[in-house]
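One chain, chain A, appears in both complexes that follow, with chain B as partner in the first and chain C in the second.
Our next item is the complex of A and B:
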């Protein structure tokens, strides 16, 4: 069958359109960026090769340092809170019979909404006069009546909270698909042995859903790198760079300062980081981790 | 399925925790819905609760002030254009990767897999300059091409994993009847693939409807902006008019909500399909 079809070059015609469009939009510009990061180009005029100067500048850039630290905090926050909540909810969902579908839809629906919508909702809810701020003020909890988006110590977490609120339902569904594949006999055996709910979770559910779990960890790490929408819309990286992330910083370098070489260098850094993560998980799989 | 016999007390505590989280997910949306039909006057005294009088005029007012007829049309053009172009190229590629397996096509698969994980920040600046050079900035066709490239790898793999399960015998029989490869694609593969076409189409449509970064970067002229970036501008233009803001947001959510009600399973399985394949 396969040899039968292979005779013809026609098969390639079917792949060309995708390959062409993807190369044109993503492949070639990516390569251009990998080259431009070694230049001082500003979008117009001469292109001068300056070696690794951009990268030397990168490592001295304290705003970028702040942004990288924030991205790390963001990643850790997403690896803990949404994952914990989603695991709990998915596990509890497998233990009920009625209303499963309702809960699943309720958890998942925010994931379908645009970033602009989610940001608008929470901007309003966290508004110091309207929203919850006004509510807390009326009941006398004035310390909660400030917008967490405009407070330096909370802005990053507030933005991460909004993104997490929209994202965790996705994790619930992913974990559920894993949990449904667990053999019920294991739980029955554990019941006979008198295992508690937590023990069953720890010693049966968690090991059995490991492939799905590791996958979720991987995409959280990868997706935490280019976070942009929520930061740009809610705080723009402020106040005083307290919620700055790499993607937002890169965007301002590129489209406000038009420093093509420098922003390409930031993009290159992000690209290599993501590729290392992908390669690492690929190696784990090769090494027989069964993920 | 887990049908372990839970004690009654345990089941009740399960429900209580789940209901709390369901409320956290749903209540903010309810507030948005309430605000969209609340008179602007009422926001001072009743910021979170349901409105005392229902005022649908918020929608017509927002529709007129935000010129949403045009904005909707812009978004619709982007969605329809991207869905068609992306499905066309992805169906062809998915078919080839699933059933034809030309020598070396693994390279294409690996390239697309890497392509999925390249952060947009790597290529967005050169792409912007390229688009400026060939006069695709501030055009819908320019954005449609970008959205096609962004969504094609995912759609290709989704379609490939579906078509790979179509029985080979069908294709062999058609081949024996004298069908060429194009006929195999149009007459055999496509008619059998409508479920995955629908799923992929819905996911692409959702992604394009919600997309923010590229719409922000590549469309700066007001008249061409889609829903997402207009809504962002609207939040600044009518900063304190929450009735108008919420009504506009509901207008953007409504199509998504309706489609989600109709095709829940498709959306969920499509959006999480990466999780199953690993």
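Our next item is the complex of A and C:
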């Protein structure tokens, strides 16, 4: 009986309600979803076990392959452009004494807007009639008159740009928080040694914010897997699957084609992919990486 | 003691009279639309509730995508609305296969529904020999044109491919787009165009044969039809000037484009009549309509593609099946009331496929709509009707026909490869018993 009032056991009383809700809202549906990948369920009616048929079909699906490649491109784009801009801006902001709060708010503002609003802003900016498209057409720059969301070669990057525009302000805030933790004495010592601003960034700031930085890399890689809303709203994965991503493709299979079993197989792949990433970061931590 | 007794008796009297007065609720989950909902409340919900004393119809409006998901979840859980509204037969098929819809055969026989409905529309709700759904609205595809503009320029409304290409050249020379249309906000818009080219190039007979499995979709006639569509869409930019603009333009934009002479014509479904009347109908220009031009000698006569926009069924697990049947029967038995609702939408919505005579067509609607209704009845009555993809295609090929059409237009795959994939999907659907009811041709 005593064990139930043990200090370490009491902690479980606090965890239990959340764990209980998680079990029913996330745990059981996730397990059910994993099980559905071995069936031909169409969202309604009877469920038939079909073994690994969905997976065989999945490896032969050229549009899924296209979606996976697009997800990889998306991840690389997010690991470079928003991270690079956010790091630079955060570092520059640390040097601003007056009006820093204004910039912090301005950069963070798109992150507070709902995705549908962000999408509408950019959709209308690039609209061929109401937006810049009409303007460029009038001045004779017709190559710029076409919306980048509707051109095969640019649609994925255009959507990634809008999502990145909304996201990078969030990175600025977390990098800035990390940079404020850095001991000021290190910069003073570097100043005495005559270090340039870039050298201070490269040899002091960057190593000192490594845990925050690696955390941001990890969440970018993980969040790039289920990316859905910006693609769904801006292009629906088109034109011609050029901006198709795994989550949007999974949605289409489940809710347009009623192929829930196949959609679950795609979800299972996504699940294992995320698990591998989390496990990799866990291994790095065990290997002594400061993350 | 006496006081307690009086209270008890009063309570019994009150509760008895309440239950006598109270009506049993009948719920209907309906797609919401800001303009439409008040009319549905007034002319359907309230009109029905005032007509009888047994049931209280409660329409619950919701955004269609959310509604379909939540309704499906509720029905899997053995609940859901009493009247199940779906966007078409492919959805009915799924619910029917899951045993979630009530067999309506006995009610149809008792109330004579079959005799009240257009035969092809009745048969669209028959699955495995029994009636499971009644169309709430049926529709077709037409070609709208700016009549004033055509008259000013002495242009002829095209009825053949040659005439279409001729007038298209003249329209483009004037700096206008040939057709106003776009898919932003509704990617399946592509299937409207695919359907037009399949039916008006290959012809309804060939499409019918492919639907019932007597002809392959890889047949050269379908290849030619989709090659022609690709030429008009990609090379000629008939719709909104270019493929990219077609992708970028949505409902409000293409109506505005048509209304302000940005385009001379528009290929669209009859659900647009109200928006057209409010758009170009409110301008100085007059609009007209015509059947879609014949695009080859294989489809020489004008035809109207038939389609079901929305269906009504009864939830097999509903709390009040009798009430739901009563509501459906009220709709089927009150032609004047239903026509009064359809009239408010210029026959773009709630066009229940009841058999109509020419005297039934209201005179206080746009003359173009009156004219269309007469022509539609005449031509489809002669058996000249084609098949809209969203009514007669099973779910998987039904998505393929619009989603993967973009791949063809992008030049990533050939029309032949596209139709090869399409045929495979039909074969799979046929094997799995997923095909949908199709009315027999004369």
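Criterion: the second predicted complex is superposed on the first by the 268 of 291 C-alpha atoms of A that agree within 3 Å, B and C clash if a C-alpha of one lies under 4 Å from a C-alpha of the other, contacts with A are read in each partner's own complex, and residues count from 1 in each chain.
Basically, contacts are C-beta pairs under 8 Å (C-beta built on N, C-alpha and C of every residue); 3 or more make two chains touch, one makes a residue touch a chain.
Note that this is a predicted model, so its numbers are computed, not measured.
With chain A as the common reference for superposition, the partners chain B and chain C occupy clashing space.
Looking at the shared chain after the overlay, A:283 reaches neither chain B nor chain C.
Judged by the touch definition given at the top, the superposed model places A:43 against both chain B and chain C.
Looking at the shared chain after the overlay, A:125 reaches chain B, while chain C stays out of its contact range. Contacts of A:225 after superposition: chain B is touched, whereas chain C is not reached. With both structures placed on the common chain, the touch criterion links A:255 to chain B and to chain C. Once the two structures are overlaid, the count of chain A residues touched is higher for B than for its counterpart among chain B and chain C.
Shared-chain residue A:92: touches chain B; no touch with chain C. When the shared chain is aligned, chain B comes close enough to touch A:17, but chain C does not. Looking at the shared chain after the overlay, A:270 reaches chain B, while chain C stays out of its contact range.
After overlaying the two complexes on the shared chain, residue contacts for A:236 are found with chain C alone; chain B is out of touch. Remark: of the candidate stretches 62-70, 134-142, 296-304 or 350-358 in chain C, the one overlapping chain B after superposition on chain A is 62-70.
Put simply, chain A uses residues 43, 123, 130, 255 to touch chain B in one complex and chain C in the other.
Contacts from chain B toward chain A in the complex involve residues 1-6, 10-11, 14-15, 17-18, 21-22, 24-26, 28-29, 31-32, 35, 43, 47-48, 88-90, 92-93, 95-97, 99-103, 105, 108, 111-112, 114-115, 117-130, 145-146, 148-150, 152-153, 156, 168, 171-172, 175, 180-182, 185, 206, 209-210, 212-213, 216-217, 227-229, 231-232, 235, 242, 245-246, 249, 252-253, 256-257, 260, 264, 267-268, 271-272, 274-276, 278. Of all residues in chain A, those touching chain C in their complex are 42-46, 123, 126-130, 133, 146-147, 149-152, 236, 238-242, 252, 255-259.
Of all residues in chain A, those touching chain B in their complex are 1-2, 4-6, 8-15, 17-19, 21-22, 24-30, 32-34, 36, 43, 85, 88-89, 92-97, 99, 102-117, 120-125, 130-132, 134-135, 165, 169-170, 173-174, 177, 179-180, 182, 184, 187-188, 191, 197, 211-212, 215-216, 219, 222, 225-226, 228-229, 232-233, 246-247, 250-251, 254-255, 260, 263-264, 266-268, 270-271, 274-275, 278, 291.
Residue ranges on chain C touching chain A, taken from their complex, read 69, 72, 75-76, 94-95, 97-100, 184, 187, 242-245, 247-249, 253, 257, 395-396, 399, 403, 406-407, 409-410, 412.
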